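Going in written order, the chains are labelled A, B and C, and every chain counts its residues from 1.
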Amino acid sequence: MDKSAREAYVSFNNVQKSYDGVNLVVKDLKLDVQRGEFMTMLGPSGSGKTTCLMMLAGFETATSGDIILDGDAINDVPPWKRDIGIVFQNYALFPHMTVQENLAYPMQVRKVSKSDIEDRVKKALGMVQLDGFAGRRPGQLSGGQQQRVAVARALVFEPKLVLMDEPLGALDRQLREQMQYEIKHIHENLGVTVVYVTHDQAEALTMSNRVCVFDDGVVQQVAAPNILYEQPDNAFVAQFIGENNTFLATVKEKNGDQCVAQVDTGETLTALAINIGQSETKTTLSLRPERVTINPNAGEFKNVVSGKVKELIYLGDHIRTRLELCGQDNFIVKVQNAARHSHLLEGETVQVGWHIEDCRALDAL
Amino acid sequence: MSLPAYTGPVGRIWHAAFIAICCLVFIFLMAPILVIVPLSFNAEPYFTFTPAMLRLDPEAFSFRWYLDVLGIGEGTGANRGYEWAFAARNSLFIAFFATLLATALGTLAAVGLSRTQMPFRKPIMALLISPLIVPIIIIAAGMFFFYSKVGLAYSHLGVILAHAAIGTPYVVITVTATMVGFDETLIRASASLGAKPLRTFFRVIMPLITPGVISGALFAFITSFDEVVLIYFLADAEQKTIPIQMWSGLRQQISPSILAVATLLITFSVILLVAVELLRRRSERLRTSAVT
Amino acid sequence: MATVQQPIIIDGRPLKEQLARAERRKKYVAFAMVLPLLLFILITFAIPIGSMLFRSVDNPRMITLAPQLTAELSEWDGQDMPPEEVFEAAVKDFKLAAEAGTLGRIATRVNYSMAGARSLIVKSKRKFKNVTEGPYREVMIKADKRWGELDTWKTLKKVSVPYTPVYFLNAIDRDLDGDGNIVKQPSEKRIYVKLFVRTLWIALLVTVLTLILGYPIAYLISTQPPRISNLLIIMVLLPFWTSLLVRTTSWIVLLQTQGVLNDLMVWMGVISDDGRIQMIYNLQGTLIAMTQILLPFMVLPMYSVMKTIPLSELRASQSLGANPFITFFRIFLPRSIPGIGAGGLLVFVVSVGYYITPALVGGAKGQMISNQIAFHMKSSLNWGLAAALGTILLVGVLVLYWLYDKVVGIDKMKLG
């Protein structure tokens, strides 16, 4: 909580949520979001992230704990008084209203004057590049266009906060990537605070200032995308974000921030000690596939083991190489398809090495 | 229904009023059915709760009207037991054959109507559904003249044909509804696995639409079983059914035996309703498991 | 290189032709499956109704029972007293009819249009028995001086045409006078227009009542979790499945002056024992019973529309600043209108033709047009008028059916 010096804009203070009175869906949640930040809640389905969003929006009630927005506890504020714009998973555009009427709706219920409404609707449509679509009904729009209208509607009344609940889930891959950049740019231009929910880690890394990884109702790590990728706090985060090679090993000795661990086949490896117990306890060693070098120069790396090439998959920019080493046969190495790279053969035995800093000893999975 | 924490006093009052209104409407819906059941056990020939009944005095309750209906009691005139037994036999006989005819014709037609190649689909559908919409008195009048002319009036066959005609729309509707969710690729899959069209019909199409067929058949059955106007116009004493017996009882002098019959009919419809509900759930399960 | 597209030939036949043939065969197969039911409905249902409706204009009785008279009357211009030939034909036909025993039916038919005609004609049986030669005119006027009146003959001419608009005119409280002009019926006979209006009024009231009562419960059911909503749906379906006669019986038991509801009110002291309220055998009885009976027809279509309104739309509305009332009126209500349309039209169509319930609980004031049709079918035996009333009712119902198809679509009709 190094940033707690600055006043948080949104905060969850020890929030719990249970639907049935027995199981907690959200366990003791503490989370701060800064003003103007793009915060993503990332996690597998059922991890409690959407429940958190719905509590923030006011459609679910927290079982205990406080939710603060801009300095006020909003637990007892009904949704229609919270001033929070939401982009829903299925857009939730009103099919019986035109795009114009959909966008005008939040201002009409706030009794904004007619001419103001028109100006703002026009501006909002311009922002999402849908000028000229005001008279259409949602049913006459493509999925991507509906998505833009939903974003415009959540922003048009200048809410204190914008929530997005897997808004891009229904779009095809290409459109989804395009919309990611558009939403990111809108956020940058308007400086509005966004809380975004997704289960797609690439999406989370692309768009967010910070990402909050959820699992089983508990926050696993809150950090900027690069830190999350390169310095995961625990095995779940390491597994969930990006691709990862893991070894189950036993801790042998601990030297400052490093440790030595032995895998079941006998090789000893040195790793950064992030999240381990005492000697002779189990740990998970985690290593990114692109940080591994095949046939390194002697002495370049501390960790060098030999393995056997099992499978080569040609992927254009790199060759995905599956090796058998340290007793497991799904060790993945991404070999860059550079001009000078030496061609590997299936069945060949090679040396692989990596830096100590790239291998992290995390909690035992 | 639990209310969110932020609901204000106005919201709470509205909510309470809303729930109260709904309760009253449900009472309005159910009361007529619920009141008649205890009254059918009245020991006295009255149509209201006697003070003794309200005290739950066992003396005030009896099975005498049921015994009358079953022909064991001392009922007289039109309420003599064998009259009801005779009517019940007629009702079941007519309803059974009318249902059989309606279901066979309706199912075949519904499968045909669901084919994309079906010509004049809309007008034919409109005609086949129309017995549901045309006022029963007009149907009765039309059938009365026509069936008299061709010698079908005052016969069981005439009544069965008439009841089958007004029962078919139900079968067509329910089976067509099941066919809407029918996955055409299953037919192709069956053909690709070597089944001829007829085999495909019986082994693939029929099992999947069976819930629709059965619930359509139950609708057709209950329609015939409850029908009174056509019988009133087309039948005489030989084709007397339970509804026509009740009808004449209600128009002349209402006897408590009618309440006993009504209670028996309510029990009957509860059984049918449960059957349909179970079928509906079964077909829903089949359908969802087919999707996932 | 430009190529001319050649038709594709397989086994010596153009593929296009073969495809068209296969398509045609599929069409025949589909049609053949529908054909048995189509024929069945045409023969047992559509043709009987069509031929019944034809009776509303058909007027065959005089032509078949008094053929000479009809022929002579059609020659006569109807301006002055008819010529001797008409009188001769009348005497001869009446004598023949008397021998065949059909004179009474002629008398009845003429009596529809002229009060007292029955006795006039039946009397002639005796008077004309020994008349064998003319002048017939004098004989007839001697027998009854009404035969010397022009109006009598005009009426006879009127009832002797093969097709007549009279039944339709009667059905809208009009009649043809002796000169063929359309005139209003005497005021004591003007009942049908009023009855049509009352029928529409009852149907409208029932529709509005079922809407008012049905909307809240459809809303409640659509917003409950499945466990509760299934139970509530069953409470709607049970009355739907229960015999119509049973439910009508229940209402008699509940509402009659010595019935459960009156007893309850007397016991609670709301009314005195001799101040019991007449709630049945009048318009009120018809309305109460029909509303309860037709309520499921309203609730089920509304419910099936309401449950498709996504929760997220309502949440979106609230998140945009609309409180639950605004959300209801601006989002939920407009989104549920298709259900209101479907249910409302269905209830209206069904209630316009209602017969059993009004007959049992309607008394005199709660009768509808169907009851009058039944009366003319079964009691007065004025089948032409019954057919005319039926035709008007059927045309109205078919217009509503067409409207239902436009608004809802008949293939979207659902049961339970």
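Here is the rule we use: a residue touches a chain if its C-beta (ideal position, glycine included) is under 8 Å from a C-beta of that chain, and two chains touch if they have at least 3 such contacts.
A quick note: this is a predicted structure, and the numbers were derived from the prediction, not measured.
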item: Pair exhibiting more inter-chain C-beta contacts, A-B or A-C; value: A-C
item: Core chain by centroid distance, with centroids computed from Cα atoms only; value: B
item: Chain located farthest away, centre of subunit A as origin (C-alpha); value: C
item: Subunit B and subunit C: spacing of chain centres that average the CA atoms, whole Å; value: 23
item: Averaged-CA centre spacing for the pair subunit B and subunit A, given as whole angstrom; value: 56
item: Approximate Å spacing (C-alpha centroids) for the pair subunit A, subunit C; value: 67
item: Residues within subunit C bordering two or more other chains; value: 324
item: Multi-partner residues of subunit A (at least 2 other chains); value: 58, 78
item: Numbers and ranges of subunit B residues touching at least 2 other chains; value: none
item: Interface residues, subunit B side, partner subunit C - complex; value: 1, 11, 18-19, 21-22, 25-26, 28-33, 35-36, 39, 46-49, 105-106, 108-109, 111-113, 115, 117-119, 124-147, 161-162, 164-166, 168, 170, 172-174, 176-177, 215, 219, 222, 225-226, 228-229, 233, 243, 246-247, 250-251, 254, 258-259, 262, 265-266, 269-270, 272-273, 276-277, 280
item: Interfacial residue positions of subunit A with respect to subunit C in the complex; value: 57-59, 78-86, 88-90, 92-96, 105-106, 109-110, 153-154, 157
item: Complex contacts: residues of subunit A adjacent to subunit B; value: 58, 61, 75-78
item: Complex contacts: residues of subunit C adjacent to subunit A; value: 310, 312-313, 315-324, 326-327, 330-331, 334-335
item: In the complex with subunit B, residue positions of subunit C that touch it; value: 23, 26-27, 29-34, 36-38, 40-42, 44-53, 55, 213-214, 216-217, 220, 223-224, 232, 234-239, 241-254, 256, 258-260, 263, 292, 295-296, 324, 349-350, 352-356, 359-360, 370, 373-374, 377-378, 383, 386-387, 390, 393-394, 397-398, 401, 405, 410-411, 413-416
